[in-house]
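Let me begin by presenting the structure, written as structure tokens, before commenting on it.
Labels run A, B, C and D following the written order; every chain starts at residue 1.
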Amino acid sequence: MLDLILSKYNYWISILLMMIGLYGMIAKNNLIKKIIGMNIFQVSVFLFYISMGKVRDGTAPIHWDRALIYDNPIPHVLILTAIVVSISTTAVALALIIRIYKNFQSIEEDQILKVLAREENKTDS
Amino acid sequence: MIDIFLLMFLVIFSIYSIHTEDLLSSVIVLSAFSFVMTIVWTRLNAVDVAFTEAAVGAGVSTIIFLSALSRTKRGEEKRVTKKINIYNLFAALIVIFTGSVLVYGTIDMPAFGDIEAPAYNVLAPRFIIGSMAELGIKNFVTSILASYRGYDTLGETTVIFTAGVSVVALLRRKGGT
Amino acid sequence: MILYIVIIPLFVSLLTPLFGMFNRKYAYFISLLGAIITFLFVIFTYKKVVTHGKEYYWFGGFEPPFGIEYVVDGLNLILLLIISFIYLLVIIYSKKSSEKEIEDKRLSLFYCLLNLFFTGILGIVVTGDIFNLYVFVEIASLSSYTLIALGPKRQSLMASYNYLILGTIGATFVLIGIGYIFMATGSLNMADIKSRLVPIYHSKMVRTAFTFITLGLCLKLALFPLHIWLPNAYAYAPSSVGALLAATGTKVSAYALIRVLYSVFTIDFDTNVIPFNKVFVFISLIAILAGSFLALAQKNLKKMLAYSSIGQIGYITLGIAMSNEISLQGSVLHIFNHSLMKCALFFIAGGIFYKKGIENINDMKGIAKEMPFTMAFFVIAGLSLVGVPLTVGFLSKWYLLLGAISQKYFFVIPVILISSLLSFIYIWRVIETAYFKDSNSTKSSSEMPLGMIAPVAVVTILCIYFGIFTELPLLLTKEAIRILIGN
Amino acid sequence: MENYISILPAMVSFIALISVPFMILFRDYNYVKEGISLFSALLMFTLVLLLGREYLSERILYIDIIKITPTITISFRTDNASIIFAGISSFLWFITTFYSIGYLKGLNDKKETSFYVFFALTIFATTALAFSANLITTFVFYELITLFTYPLVIHKGTEDSKKAGRKYLAYLIGTSIMFFLTAIILTHFITGTTFFNSEGVFKKNVDNNITLLLLLLFIFGVAKTAVMPVHSWLPNAMVAPTPVSALLHAVAVVKAGVFVMYRILNYIFTSQVLLAIKGHYILIVLSSVTIIFGSLIALRQNNLKLRLAYSTISQLSYIILGLSLLNEYATKAALSHLIIHAFSKITLFFCAGAIYVKSHITEISDLEGIGKKMPITMLAFTFGSLSMIGVPGFGGFISKFLLMKGIAHSGNYFLFPILGISTLLNAFYFMPIVFSAFFKEYKFNSKDPHYVNKKYSLLMEIPLLITGLVTLVLFFAFGGILSFIGG
């Protein structure tokens, strides 16, 4: 059991981090806070991938004459792509938030939803 | 041992970043989180990724956050209503569920650093050998990125382009072209 | 050949803002040209696939699983056809509609994003590499977030934001799932993964991977409890975008789900190793009923259509879940058919908004006198949604029923019938208001402009055409499922 | 020549459909529009006669119009029952058109075009139903009848009529989708076919309980038969203009239900199967109950049209009873009652409409002495009533006589008293009207004493006299028709 925990501690921690991020994304009311949670969530997934690429006694995946074992380069490649995706999503999200703030003078979800609900009632009646 | 410490730092930073009500400090701590992550990745020999994260995650991302904050509001509003608590409980349930599925999946994973893991034995050898032999590129990550999985990179560029166009489309002011 | 299908829209998306700087009209014409050329390439591919059975492209010449592979077989061929066709119509339709709904200065960027979205969904459809799939999912998602946010009302911003949050959760779940799969198999090529997975089906990693990819795709697909982002997103997006998303967006996610369930995993895994399919059938049935009931409660026409989409997505997943050849065929047919009819219905809702500025059903009293053709098309597309024989909607529902019966899931029959009845009621509510209530205005006629009504006419006629001349869709889907299950 | 003939069953119904665009085109020219209606009715009747000749020369015509899937087709065929049904519908369409001209003009109706259009459409669906060769085709046209009659039901445009219209739709569409369609799907699943076959489609190995379940589903699904738990839509539909009640809710629509029942009992189940599972007793009991209770409720109605409606409910069950006795005489009785009731009931409705146009009287208690003002109308009314009661010398006697023969043959002697009571009840609710109309003093209608509308009365009186006389003629000319039925 102890072996199980110790041999995979990187994964456990990255899962813990993911869950912290995911919680922030779902539970927080502030729009920017959600995006912060999203960042943590995604970066933790990246940590999970990178941990997967590590090989015991491996060296960095760069050609080296004295190297015996290289680390797995594939997760690195995938994560390079994913980081870019993540930052792009963040940028779009923040741009959206700026627009939302301009329109509603608020970045609190429940306040905005209240305003919207009021508007909807008005158009219906 | 230092790895454990770094990981603990990550946990603390992330919790603080989510928890604090001051958005500015939250962003700064997020940046620190990214920075520690960079160190962790360097220690895991993922040099290229660490570089990128340092530049993009800790750098650019923080700047974007800060500029967004400057255009909106700094503080998160305090609220102690009961309704939100039920909502939080619901969120916690989802998170616990997802987390437990993930943990379940981790049980029979190859151990950390296992050289026998399939992830290392199916595609990787070809890439590691082929990089020098087929392409003559020393950095395997570069060779995979640019050639074997070049289309991902094109996709990645497209994503950046999309984000750029989106930001311009969203934030373009009235009267501009 | 396949490469061009994805590259051309991407290239066009680069050109639109460039030319848009000189004159905004160029952006539209280039997009139109791009859409036509892409459609021609798809037709070309169609002919090749029909004769050769399969078309593939290895990026950079590296053979799979090492390089990224593009594959077009029966299943994604159908998706390619419907997507590129609908996209072409949407571009034609969006000329007038977007000029009215979107600020002038954003117009060229709007077309750019439309093209990027198109690139994304085409990429999802053709790629044979599971990580590449994720990248394309993100391209399509990012562009759709912005497209929704460009909608005419300020509700669109929150709709877009909610979609962004849930969409990102979905996409990241897929990413996690891919990570677990990679860990278990070491491969990223779908076909390769499939063969490597078989001996390790009982691994917990594989099950977790399966759970996460399915969950993530269901979020994107807006399957019932995960649907909350969809109604607002569709209803408040610009009309042409709403139609595009409804007709192609969720369909592509459904396609991705089928691919993952049947080309990465196998029926054996889905049904025997884990009890996934049984659960999934029930979720789908709940989705069908819930979507139909919620649609009944809506006052806003576009929202009603959006909730109806949630019910219809339930049909698609029902066919996927029952996992026999007939039900899968029904599911693919429903993807095809629902694209046609929802496209028509959203086009019509957008046209009414364009001409009269109204969205609420109660305000549409007597509108059939002013827009006789539009409402006639609405009746046809609406009946197709109900599933009346001689329209496309019937065929897919019939196959789903046959699939259910051959699986001995008899409880599916009343659910499908009740939901058809419900959809008849909500469609009828619109028809009744439009035809049999006295209008307040005295205007005699105000049809949509030709550029908008022509696409509506085309899809509506196809709704009837493929309902009567069913050989082509039946043949294509049958072949597609044969390949999908056979391998 | 061969092809031309075999397409005829499909063509007959399409005549009515083709007339529709012309009516819309000439909507501003009243006489042209009416001319088109009359012409197509005549053409249709001629073609039906032609088909009857073909049938007598023992050529069964059959054609597939559309093949949706190999087992689901839209197909048409001819036989004696379909020719009879189509013949009555087209002939009475002709007569009713004359009558409607007078009725609509007399009431100064503004929505003439929509009236004629939907009338023609309903006739189209009815005749197409008559020639349907399988359950799917039947279902399609069965639903179309409901949809096409809805605008006629709410023709007046008042809130009451809309409410009634909604109930009409809810009943007919609801039952048909929930039960009829389920039954069709299950039948298709069990037997692999939906085609009418005089040997039946159920093989011996089908479980009795399932067959029984299917029978029940069919009985409740075909609500147009107005058998008693599913009858209440019919009185509701009486808000429609009287020509509609006359042709559609006394002939076309309800007879469509009965006709479908005939097809199902004889061409899906067959008497052997039904006798084996004793399923016909369900029908016998239901129809006996309906016969008695329909008459009892009719007795309590003071509104003339409502009394006629409940009488229709009761009379339709004679036909159902005839069908469910499963012997040659009873079936003959059913088919002949289909004809006789059509002529008798349409006469009665015509009279009700003529009275309404002339004096705006709707209640029976106000009819005293009306026979002195409208002798021709009330004479025809008397003929119709006598035929309904089954007095010798009128057509109604023949079918009742045959029915008794059928009962005797089947051995269910307990049905005799039911028939007797029902005949008495018939006399009770018709004869007082006739007596008070002829033998009581004419009172001024207190509501609007000066209202006597004499315009166009001849256009109404001639048709109702013709149909009234036909009930008389049928008694003497029945030998020929009977031999046609028997053949």
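As a working rule, a residue touches a chain if its C-beta (ideal position, glycine included) is under 8 Å from a C-beta of that chain, and two chains touch if they have at least 3 such contacts.
What you see is a predicted model; the values in this text were computed from it and never measured.
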- Note on the structure: The chain whose mean C-alpha position lies nearest the overall protein Cα centroid is chain C
- Message: Can you check which chain pair, C-D or B-C, has more C-beta pairs in contact?
- Response: B-C
- Message: Measuring centre to centre with CA averages, how many angstrom lie between chain C and chain D?
- Response: 45
- Task: Just give me the whole-number Å value for how far the CA centre of chain A lies from that of chain D.
- Result: 69
- Message: I'd like the Å distance between the centres of chain B and chain D, where a centre is the mean of that chain's Cα atoms.
- Response: 73
- Measure off the straight-line distance from the CA centroid of chain B to the CA centroid of chain C, and report it in whole Å. 30
- Set of chain B residues in contact with two or more other chains: 102, 106-107, 109, 117, 119-120, 123-124, 127, 149, 152, 155-156, 159, 162-163, 166, 170
- Task: Quick one: which residues in chain A touch 2 or more of the other chains?
- Result: 18, 22, 26, 52, 74-75, 78, 81, 85, 88-89, 92, 96-97, 99
- Between which chains is there touch? A-B, A-C, B-C, C-D
- Please give the residue numbers of chain B that touch chain C in the complex, ascending. 101-102, 104-110, 117-124, 126-127, 130, 147-152, 155-156, 158-159, 161-163, 165-166, 168-170, 172, 174, 176-177
- Query: Okay, in this complex, where on chain C does chain A touch?
  - Reply: 131, 134-135, 138, 142, 145-146, 149, 154-155, 157-158, 160-161, 164-165, 168-169, 172, 175-176, 179, 182-183, 188, 299, 360
- Query: In the complex of these two chains, what residues of chain D are touching chain C?
  - Reply: 66-69, 72, 74, 136, 139-140, 143, 151, 154, 157, 162, 169, 173-174, 177-178, 181-182, 185-186, 189
- In their complex, what parts of chain A are in touch with chain B? 4, 7-13, 15-24, 26-30, 32-33, 35-37, 39-40, 43-44, 46-47, 50-56, 58-63, 69-81, 83-92, 94-99, 101, 106-108, 110
- Task: Within their complex, state which residues of chain C touch chain D.
- Result: 388-390, 394-395, 398, 401-402, 405, 413-414, 417-418, 420-421, 424, 428, 435-436, 438, 467-468, 470, 474
